[in-house]
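After this come two complexes, each holding subunit A, first together with subunit B and then together with subunit C.
Presenting the complex of A and B:
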C-alpha cells in the first residue's frame, strides 16, 4: 500500500461538477456538485449503489458524457486544462493517450472481429505515440506484466478465444498502451468469479503501481475497493457522502450511509437444525446431465430439508444452475433421479402434474427478464393464484393484496403498475411473490441478489428468511457470493467442474474446509482489510496452486 | 386512454399528416353513398367528359362519374386490402409464434412450408392460383392472404424467438401453462408493437398488390369501382395529356405514404429511441 504524500502534484481537479441526463419529464441530476482531487499516481476508489453517479463521474473525468447527458456547470481540470470547456479535438487527443478507460464488460468492449493485439496497437499508432512494431513489442511486455499466459501468442487470438478474466487483463494492458496519466476502471471485476477476480485485481494493482499511473477505481464492493485505493469516496444520488483514506474509512466510517454498505455482511439468521430422520423435501440422487456431448453434471447428489436453506456455490461453469434446471425439469438428466418428498419426479416438466409443478418454484437472477413487461403486477401474481389454487374474483384480489403486503409493497400503489415502473429490488420482490403465490414447499433461488445493490440485496435476503420461517419453506440458494452464503444458509454444497466436492453445515465447512477447492474459494473472497490482497498474493506465490 | 392521448401529443407532424389522411379515407369509405353524387355503376353522361360542375372529375370510358367511382373505389380497394391483411396477420403471426414457442419439428415443418411459398415470385403465384380457383373476390382475398402469411410468419417467428428465451416464459412454462396461454398472453403482447408496425407496411403492399391484380384483370371485377382497374380502364386518356386516369394512382400513392408515415413513427416508438 502506497502512502499518500501531500507533495504529489495534482492531476485531476473536479470542482462543483453538475451533470444532467434527459428523462421522460425533463432533465434529471445525475451528478450534483461533486468536488474531486486526484494526485499523480494516486488511486481513488469511487463507491456507491447503482444510480449513484459513479460511472457518470468516471466518464466525466475524461470530459465525456453519455448520449442524452450534459455537463451543466463546474470544471474538470486535467493537468491544467479544463476538459469541460476545451474543444472536442483536445479531449479526443487526450483520450486513449493520457486518459484511458477500462469497462466493466471486456467481452462487450473488445471488437469481436479483430485480434487483441491489433486493437491494443490502434491507440498508440493512431495517436502517433509510437510506431506499430514498437507498440507490438510493448504489448507483449504488458501482457507479460499482466501475467497473461503465453504473452507472445495471446495477442493474436480473437476476444472469444480467451477467458473472461484474461480478457479483462488484456483490456487493462490495452489501457496502458500509451502510458496514460490516468486510468478509469469501471467495475472491472464485477462480472468475474471470486477466484478469477483475485488474479485480475492483483495484476491491475501491480501494473498501476509499476507505472505510477493515477487511477479512479469504480466499484459497488467496498472490500474490492479497499484493496485497490489509497482514498475512497462514497457517492449517493450524485453527491459525495464522505471521502477518506482507505484505512480511516474502513475503521471509522463517519456517515450512516457508508456503514450500510456493509449490510449483507452483517446480516444474521438463526440456524435451522435439520430434524434427524426427517425425509428431505427435495433430493438429487446420482445425477448426470449435460448438453449434447458435453457433460456438465457428474454424480451429483444432495438433499434439501423442510425449513432449511441449502446454498450451492461454485464458480461459473461448475454446474450450479444446471442442477437447478434438472430439478425444475427443464433439462433431463442422463442418469439419476430427482426425488420430491421421497417420490420420484418425472424427468421432464411437461410430464409432471400441476401439483408437482406448484411445489417447485423458481426465483430468477435477472429481475428484468423474469417478469413479463406487458403484464401488470396484478396479472403476474394473480395468474399462479388462479392457475394453481383456482381462486377467482374477490378471493383472488384479496390473495394478491396479502402477497403484496407480505413482500412489503403497498397493494394500493403497486397492484396496477407494470414491471418497467419498478426498481430492480421491487421487481425481485414481485418475483418472490409470484413464487409464493403458488404456495410451494420448495423454491430455487438462482443468484437472486447478484444483480442488486448491497443494501437492496440485504432487504431481499431478510424477506426470504422471513417468509421461509413463516411457511417452513425449503430453499435452494444458488450463489457465487460466499458472504451471502454465510448470511442466509444452513448448509452448503460446494461444486466444481460439475461435481459436488464438499457438503455440510455452513459453520463447519467455512471454519474447517475439507477440500482444497473450498479453501481456495473461501480465501478468494475479498475481506474488509486493505492488506488482504497483499497477503493473499504473497501466500499464493509462496505456495503455487 | 389518457396515456393514448399523451402519446399522440408526441407524434411528429408527418405522423399527424398520415393519421389525418387515414381518418379522411376511413370517413369517405364509410360514408361513400352519402358523399358520392352518383351511383357506383350508373352511366350518367357521355364517354370521357371533361371536368365540369356537373361531373367534378369528368366521366370514364363508359360515361360513369369519375368522382363517385373514386369514392366507392375507396370502399372496395381499402376495405378488401384491410380484410386480406387482417387474415394474413392473424394466421401468419399465430403460426410464427407457435413455431417459436414449440420449436423442434413443428418449427421446421412450418418454416419449410413458408419457404416454399416464398420461393415462388408472388405475382406469378397469385396469377397461377387465381387461374386455378377462378377470379372472384373471395378467392383473391384468400390467395393474397396466403402469399402474405409468409413474411408475417417469418417476422413473428423471429421476434418471438427473442422473447421465448426470457425467464418469464420459462416461468410460465414451468407453471404448466398451455400453448394458447403462452402464445396469446405471454409472447404476443411483447411483439405486438412490431407486428402492428409491420401491419401498416404490409397493408400498403397488399393494397398495391390488389391494384396490380385489378389492373391485370384478375382482381376486383368490373363493374365494381376499384382504383387499380379504374386506372386500367381509362389509360387511353393519358395519351391525350389528361391527368384524370392518374387520380386513382395518386390516391393509392397518398394513402401508402400516409400509412408509412404513421408506421415509421410507431416503429420509432417501439424501438425505444428518443429523438
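Presenting the complex of A and C:
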C-alpha cells in the first residue's frame, strides 16, 4: 500500500459530469453529476453494481463515450485540458499515449488476427513515441516485469495461444507501452479464477507502483478494490454515494448503501444436521468421463443428501460442470455409475423414465441464454408443469401462479411477459421456478449467481435456501466463488484436474483444509483487509507453490 | 503447415467425387432432352431408316450407360471426343472458347473486385452517411435489373447513342491486347455492374459486424484513427466472408456469363454452350457443363483454403 500524499499534483479533475445513453424511450442518465479528483500516481477504486455507471465514468476519463452515449454537461480536466470540449484529434492523441485502458476480457479485447507484440507496439509506433525496435525491446522488458513466462517469445504468439490470465497481464503491459500518466482498469480480473486472479492483481499492483502511474480501478468486488486502491468511490445509479480513503471506507462506511454492500459478504448459513445413515438422494460412484480422448473426470465419487446443499468448487477446467452433465445424463461416463436414491440411473437421459428426469432439474449460469426469448413466462414455466405433472387448463394456471408467488414475482404482472422484459435477477428467478415446476428432489445449480450483482445474488441465494427448506430439496451447487460456498453449503467437494481432492463439511474443510490445493484455493480468495495481497504474495514468494 | 495440405487434398478428392456426380447428372439431363442430333441434322422429312443409320454412325444407338463411360473415360484423359455437329475435336473447340471466357472474367474481376472492396470499406467507414446510402442504392439498382437489360441499356447509351464501344464483341485471340480490351469493354462493364453489389455489400456487412467486437473498442481506446481501425483491426477479421463472396462471384463470372455472351455475341464458353444445346450437340454440352462445374468447385476450394490461411486461429499450431 502506498502512502497517500495530499501534496501530489492533480492529474484528473472531473466536475459535475453528466452522460446520457440512448434507450428505447429517449435518453437515460448513466452518469448524473459526478465529481472526481485524481492526483498523479494515485489509485482510485470505483465500485458499484452493474448499471451504476462505473465503466461509463471510467471511459469518460479518457474522453470516450460508447456509441449511443453523449456527454451532456460537465468537464473532464486532464492535465489542464478539458477532454469534454477539446477536439477529437486531441483526445485521440491522448488515448494510448497518456491515458491507457485495460479491458475486462483480455481474450475478447486482443485482436485475434495479430500477434501480441504487434498490438503492443502499435500505439508507440503509430504515435511516434518510439521506433519499432525500441518498442519491442521495452515490450519484452514489460512482459518480464509482469512475470509472464518466456518474455522474449510470448509476444510472438497470437492471443488464442495464450491463457486468460497471461493475456490480462499482456494487456496491462500493453497499456504501459507509452508510459501513460493514467490507466483505466475496467474489471481486469473478473473473468479469472481466484488462483489466477491473485497473480494478476499482484503484478498489476507492482507495475503501477513501479512507474508511479495513476489509475482508476473499476470492480464490483470490494475485496479486490481494497487491495489495489488508495481511495474508494462508491457509485449507484450514476451518482457518487461516498468517497473515502480505503481503510476508512472499509472500517467505517457512512452510507446505508455502502453498508449493505459490505453486509452481503458476511452471509452465513445456519448449520444443518444431516440425518446419519440416511440414503443419499444422489450419488456419483467412481465416475470417469471425458470428451473424445480428453479425460475430464477421473474416479469422481460424492453423495448428496436430502435437504442438503453440496458445493462443488474448483477452477475452470476442473470438471465441475462435467460432473453435472454426467448426473443429468447429457454425457455418458466411461466408467462408474450415477445412483438416485440408491438406484442406478441409465447413463443416457434418453433411456431414463420421465419420473427419473423429473427429479433431476437444473438451473443455469446465464439466465439470458437459458430462457427462450420468444416464449412468455407462462409458457416457460407451464411447459414442465404440463410435461412432468400432466396438469392442464385451470390446474396448470394455478400451479404457475403458485410458482411465481413462491419466487416472489407477482403473477398478475409477470405471467405474460417475455424474458427480455425482466432484469437479470428476475430472469434467474424464472429459471428457479422452471426447475421447481417439476417438483424435483434434486437440483443442480451451475454458477447460478456468478452473472449477478452481489445484492441480487444474495436475494437469489436466500430464495434458494427458503425453497430448499420448504421442500427438503437436495442441491448441488457448482461455483468458483468460495464466499458463496460459505453462505449456502453444508458440504463441499473440492475438485482439481478432474479429481476430487477433498470433501467434507464446509466448516471443517475451510478451517482445516487437508489438501494443499484446498489451502491454495482458500488463500487465493481476496479478503477485505487491504494488506491481504501484500501478505499473500510475500508468503507465496517465501514458499513457492 | 502440414494440416493445410491435408485439407487441400481432402477437398480436391471431394471435388473429384462431386465432379463425377455432376457428370452423371449432366449426362442424364442431356439424355432427357427431346430429339437428338440425328433428328436435328436430317430434319423432319427424313425416313426412320436414314435416321437409324445416321444414329448408328454417330454411335447414338449404343446404350446410355456405355456411352456415358466411354465419354467419361475420354474426358479423364483430356479427350472430350469430337463435336457431333462439325466433327472437330471438342478439346480444341473448348480451349479457344475457355480462353476467351477467362479473359472476359479476368477483365471484369480486375475492375470489380478492387472497386467493390474499396467501396465496401469506405461505406463501412462512413456508414449511414450519404455516401454509404448512395453506394447501397446504386449497387442495389444494378443488381436488381436482369443482366440482359443492363447489357441493352449499355449498348443503347455507349454504342448506339454515343458510339464509344462496339456492341458486338467479336474477338479473336490473335488481336493486340488493347483491341481485346476495347472490344470486350461492354460485356465486361455489364458483368462488373452485376457482380459489384454483392461483393460491396458483403464487405460492408462483414466489417460492420466485426466493428461491434471488444477489440475494436480497444483499438479506438488506443487512439487509433478510424481508417486504421477499419483496415488493420476490422478487415483481417472480416476476410473469411469477403473471400467467399468474391469466390462465388468469380465463379459466376466464369459460369454465369451465358446471357451476357449471347447478347454481345462474345465467342466464349457460354455462347458455345447455347449453340450446342440448340444443335443437340450433346458431347459439347456435356463437356462445357463439366468445365463449368470444375471451375465452380475449384474456386470454392481456393476460397476455403484462403479463409483458413488468413485466420491465425485456424492456421497456428495448437498450444
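Convention: the second predicted complex is superposed on the first by the 543 of 545 C-alpha atoms of A that agree within 3 Å, B and C clash if a C-alpha of one lies under 4 Å from a C-alpha of the other, contacts with A are read in each partner's own complex, and residues count from 1 in each chain.
Operating definition for what follows: a residue touches a chain if its C-beta (ideal position, glycine included) is under 8 Å from a C-beta of that chain, and two chains touch if they have at least 3 such contacts.
Keep in mind it's a predicted model, so treat the numbers as computed, not measured.
**Student:** Could you say whether A:326 touches subunit B, subunit C, both of them, or neither, answering first, second, both or neither?
**Tutor:** So A:326 meets neither subunit B nor subunit C here.
**Student:** First (subunit B), second (subunit C), both or neither: which does A:438 touch?
**Tutor:** first
**Student:** Between subunit B (first) and subunit C (second), which does A:372 come into contact with in this model arrangement: first, second, both, or neither?
**Tutor:** The answer is first: A:372 touches subunit B but not subunit C.
**Student:** Between subunit B and subunit C, whom does A:94 touch in the aligned arrangement: first, second, both, or neither?
**Tutor:** second
**Student:** Tell me which partner A:216 touches in the superposition: subunit B (first), subunit C (second), both or neither.
**Tutor:** neither
**Student:** Going by the contact rule at the top, pick out the subunit A residues touching subunit B in the complex.
**Tutor:** It comes out as residues 22, 68, 328-330, 349, 352, 354, 357, 360, 362, 364-366, 369-375, 383-384, 387-388, 434, 438.
**Student:** Would you tell me which residues of subunit C are touching subunit A in their complex?
**Tutor:** 213-215, 217-225, 228, 232-233, 236-237, 311-313, 316, 318-319
**Student:** Across the complex, what residues on subunit B touch subunit A?
**Tutor:** Interface residues on subunit B, with respect to subunit A: 166-168, 170-177, 185-186, 189-190, 192, 274.
**Student:** Would you pull the subunit A residues touching subunit C in the complex into a rising list?
**Tutor:** Residue positions touching the partner: 59, 62, 64, 66, 91-97, 100-101, 103, 105, 108-114, 122-123, 126-127, 158, 160-161.
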